[in-house]
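Next come two complexes built around chain A: one with chain B, the other with chain C.
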Partner chain A sequence: MATRPPGVSEQDFQRALTEFREAVGDDWVFSSDEDLHAYRDHFSYIKDQPNELIPSAAVGPQEVEQVQAIVRTANRYRIPLYAISTGKNFAYGGPSPNVRGSVTVDLKRMNRVLEVDASRNFALVEPGVSYIDLYRYIQERGLKVWIDTPDPGWGSPIGNALDHGIGYTMGFYRDHFGAHCGMEVVLPNGELMRTGMGALPASKSWHEYRHGYGPDPSGLFGQGSFGIVTKMGFRLMPQPEHWRNGLVTVPRRRDFIALVDRVNYMTDLSIIGEPWYGSPLQQLLGNTEFREAALAFNEEEMDRLAAAAGLHSFQVELQFYGSERTTLANWEYAQELISRVVPGARFTDGESLPVPLTHEQIHETTGPYPTNMRRNITQGVPGIGVWYQTGRTEQNPNSWNETHIGLFSLVGRSGEAVFQAQRDFADIATRVGMPSTFPNAIQTGVNWYQFSFLMGNGFALGGAATPEGKQRATVMLRRILEENAKLGYGDYRAPPILQDDVANQYSFNDHALRRFNETLKNAIDPNGILSPGRAGIWPAAYGNLRGSLRG
Partner chain B sequence: MNARFSVGLMSGALIALISAALPLQAQDRAAIDRGNAKFQHSCAPCHGPGPGDDGRALLPGTDALRIKYRGTTVPAVLEQRSDLPYAALRVFVRQGSMSMPPFRPTELTDREIEDIAAYLAESSRNAAEN
Partner chain C sequence: MPAGNEPARPQPGLFIFDERFPDAVALSRQAILDGVRLASTRDVFTNLWYAELDMGWRRTPGIVAGATTDRTLHILETLALDRQMRVTDRTVIGGDGLVCWTLGPAPRHRASQKVTGA
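Entry: the complex of A and B
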């Protein structure tokens, strides 16, 4: 499996490894197959293939100065680097680089929580800190602030935010990159830079005003390859005193439009946390008549069958943070707002609990109504419990979900946009030869980002566990990305094997955005050593590799 | 005289043995404590005994091992396993197992895996006694 950085002689590679060892110590440079095994993507679609994205070595700095030294060495020998934080970005490539033979800069040992301010509500962390680490740090000190965790929570706040990850509490905090405030970055030439107020040496407000003065380049480091982020500030939500939830259902299919409109209103007034949409009609999927109506988008028939079964068409579970009285007032206000525009809407009280919830309350799954809400993440409590979705099951005790891959398209935050996406995704699935057996007509958007929906196409990657199956699935996914883009749906995140494909879809004015980014990339990183190919941005030095993973 | 000498010799040997054993026990204790802390940090979120998500009775790692070892006497909870010495534990940590990804030396050093193995040896003994 041993490999070398592309275009680098064995002699130069060995010299670079020697310099890396001088920078971080012998114990923290890894180049044996055994050590590098854990730097492969455990869920790779090209595992064990000649083009698998494996590193040639890994180096684990503990200090910023060591990161700077590594970057300078990489420039000296033209070695591509790929920085990871906790390396848990599974479904999006895990720790694997975009260029086979890169040297992975493993930032896990930079694992200090540098500051948590529970009065001004921010944290400053290093990249190796996980959500679980930060949560425990806060709990051990009894601080009254929440993190907003992704699920699972073994990843890094910095890594997750930089890949535009999301969470599940109040709107502002759910966009993890949007909730960052100030960062420190090692630039491709080894220089250290701070953004926002951090650029003012004596500043006391680095994590309170992120814009600083002049253009703010922070966005370049999100899904970017313009530097290695070594510190990052995050806004934290103050711990509320009380949490309450409630279920809203609307009877007819078209009522969903008014429902989304009112939920948007409450979301953007910061009255509610993440709304969890769904459809009670999932209960009818075993009914052949309903299933056929849903696959055909026969709305009248769906409404008729739903009414006959005594079921409503769509639902949203709302959650409120505040005091007991304010959460009750807001829940009553939500009922009033929705009742005004949706005749026949039903409202069911959920739980009303003082915060913090107890361990038992967090794991409680019974309640006034069946719920899909994963309560720990609504409370900012990170865990790994959701990983069961990838593991053995009673039905498949000797296999696991090794085709775990993440692709979600941005969809406008309206009922009309969701209905259009349902039809578009069903049509696309048919066109690519994977007609959905799951009726897209009852699929709803997820409101992880406050101002948009994300939706996935409804199809299964059955039989994709073999190398041939993965190849077939990859070809199909590429085709779907192309078809999605023709209709205006772009993805927000992708694993390395599909990053060129996703980037290709953002092609307005002859790829003006990509050309702009690559102009910057070549200016800032003339040797192209930092994460070449990340998010489809190829520096000139590695331009010949664009699209190389397409085979 | 001879008997007194023998007793004296034995006492001396005992004292020597105890003095050699004390620091060793302290070292073991420290390793077990470190292993416990590291286990709770890095392993227990998936392999602990607590309830899982979405109404599942067990956490994912524990549940996976329950399914794997169904019909055997091998416990699903790692802290009850007496068959995970360092060498075996290291294979699972470094190679991963099905949906459990491998862990890098920056996440768990070999020394830390040794500590966890020491902790599991003790925790499984305690579980068996209780």
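Entry: the complex of A and C
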């Protein structure tokens, strides 16, 4: 399995490894197969293939100065680096680089929580800090602030935010990159830079005013290859006194449009946290008549069968944060708003609990109504349980899901847009030869990002257990991405094997955005050493590798 | 007891078992007899991780054994890699997804443990 960085002689590679050891110590430079096992993407469609994106070595710095030394060495020997924080970006490539033979810069030893201010509501952390670490830090000190955690919470706030990850509490905090405030970055030449107010040496507001003065380059470090982020500030949600939830169902299919409209209104007034949409009609999937009507998008028939079964068509679970009185007032207001526009809407009280919830309350799975909501994440409490959905590693090969790839398209935040996407995704699945067996007509958007929906295409990648099956599935995914893009759907995040494909769809004005990014990349990183190929941005030094994973 | 000339295996400090599986429960009884501390799960072990393993492995990556579902092992293995630990032994027991396993420090960190006396 051993490999070398492309175009680097064995002699230079060994020299570079020696310099890395001088920088971080012998114990923290890894190049054996056993050690590098930890840096493979065990869910990759090209796992065990000759082009698997494995690193040639990994190096684990503990200090910023060590990161700078690593970058300088990499420039000297033209070694491509790929920085990871905790390496758990599974479904989007995990720890694997975009270029086989890169040296992984594993930042998990930089794991200090540098500051949490529970009055001004921010945290400053290093990249190796996980959500669980930050949560523990806050709990141990009894601070009255919440984190907004993804699920599972074993990844890092910095890594998750940089890949535009999401959470589950109030809108502003759910966009993890959007909720960052100030970062420190080792640039491709080894220099250290701070963004926002951090650029003012004596600043006392680094994590309160993000823009600083002049152009703010922070966005370049999100899904980017322009530097290695070594510190990052995040806004934290103050711990509310009370949490309440409630379920709204609407009877007819077309009621979903008004429902989304009113939920948007409440979301953008910061009345509610993340709304969880769904359809009670999942209960009818075993009914052949209903299934056929749903697959055909026969709305009248779907409404008739739903009414006959005594079921409503769509639902949304709302959650409220505040005091007991304000959460009750907001729940009553939600009922009033929705009742005005959806005759026959039903409202079911959920739980009403003082915060912080007890351990038992957080893990309680029963309630006034069936729910898919995992309560811990609505309370900013990280867990790892959701990862039971998937899994496969070298030592643990008996997978129940052979691979695991996350692909979600941005969809407009309206009922009409969701209905259109349902039909478009069904049509696309048919066009690429994988007609959907799950009725898209009852699929809803997820509102992880406050101002948009994300929707998966909803198809089954059966038979992906063999290399040939994986290859077929990858070709299929690429076709779906192309077809999606023709209709205006783009993905927000992708694993390395699909990043060129996704980037290729963002092609307005002859790929002006990509050309702009690559012009910057070549100017800032002339040797192209930092994460070449990340998000489809290829520096000139590695330009020949663009699209190379397409085979 | 090791048979014949087989070298003695280091004793785990903790045995994690899934209480839903009779085979796992039986193995846990044997572990008690060997003086090993027990922790039970029902698949999800976030609490065990948060309350014990995370902090314990930070201090001293020791040997942990278990009889759990392969899903639980997968998560433990992923978390163990962060502490330079590896799955060193893995045996499938029966056809219901139960796996008997051992996790321990990776070789180079075993050596450094000796030096530090950890």
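We adopt the following convention: the second predicted complex is superposed on the first by the 542 of 551 C-alpha atoms of A that agree within 3 Å, B and C clash if a C-alpha of one lies under 4 Å from a C-alpha of the other, contacts with A are read in each partner's own complex, and residues count from 1 in each chain.
The rule is simple: a contact is a pair of C-beta atoms (placed from the backbone, for glycine too) under 8 Å apart; a residue touches a chain by one contact, two chains touch by 3 or more.
In this text the structure is predicted, and so the values were computed from the model without any measurement.
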Partner chain(s) touched by A:325 [first = chain B, second = chain C, both, neither]: neither
Touching partner for A:486 - first (chain B), second (chain C), both, neither: neither
Chain B versus chain C as contact partner of A:58, first or second or both or neither: first
Contacts of A:365 with chain B and chain C, given as first, second, both or neither: first
Touched partner set for A:35, first chain B, second chain C, both or neither: both
Which of chain B and chain C A:374 touches, first, second, both or neither: first
First, second, both or neither for A:431, with chain B first and chain C second: neither
Of chain B and chain C, the chain that contacts the larger number of chain A residues: B
Contact residues of chain A, present in both the chain B and the chain C interface: 34-35, 37-38, 86, 88, 108, 132, 154, 383-385, 387-388, 391-393, 400
In the complex with chain C, residue positions of chain A that touch it: 27, 34-35, 37-38, 86, 88, 108, 132, 136, 154, 359, 383-385, 387-388, 391-393, 395-396, 398, 400
Residue ranges of chain C touching chain A (in the complex, touch as defined): 43-47, 49-50, 54, 70-75, 77-79, 81-82, 86-87, 90, 92, 97, 99, 106-109, 112
Chain A contact footprint on chain B (complex, rising order): 41, 45-46, 50-56, 59-61, 63-64, 67-68, 70, 94-96, 98-107
In the complex with chain B, residue positions of chain A that touch it: 28, 30, 34-35, 37-40, 42, 58, 60, 86-88, 90, 94-95, 106, 108-109, 128, 132, 154, 363, 365, 374, 376, 383-388, 390-394, 397, 399-402
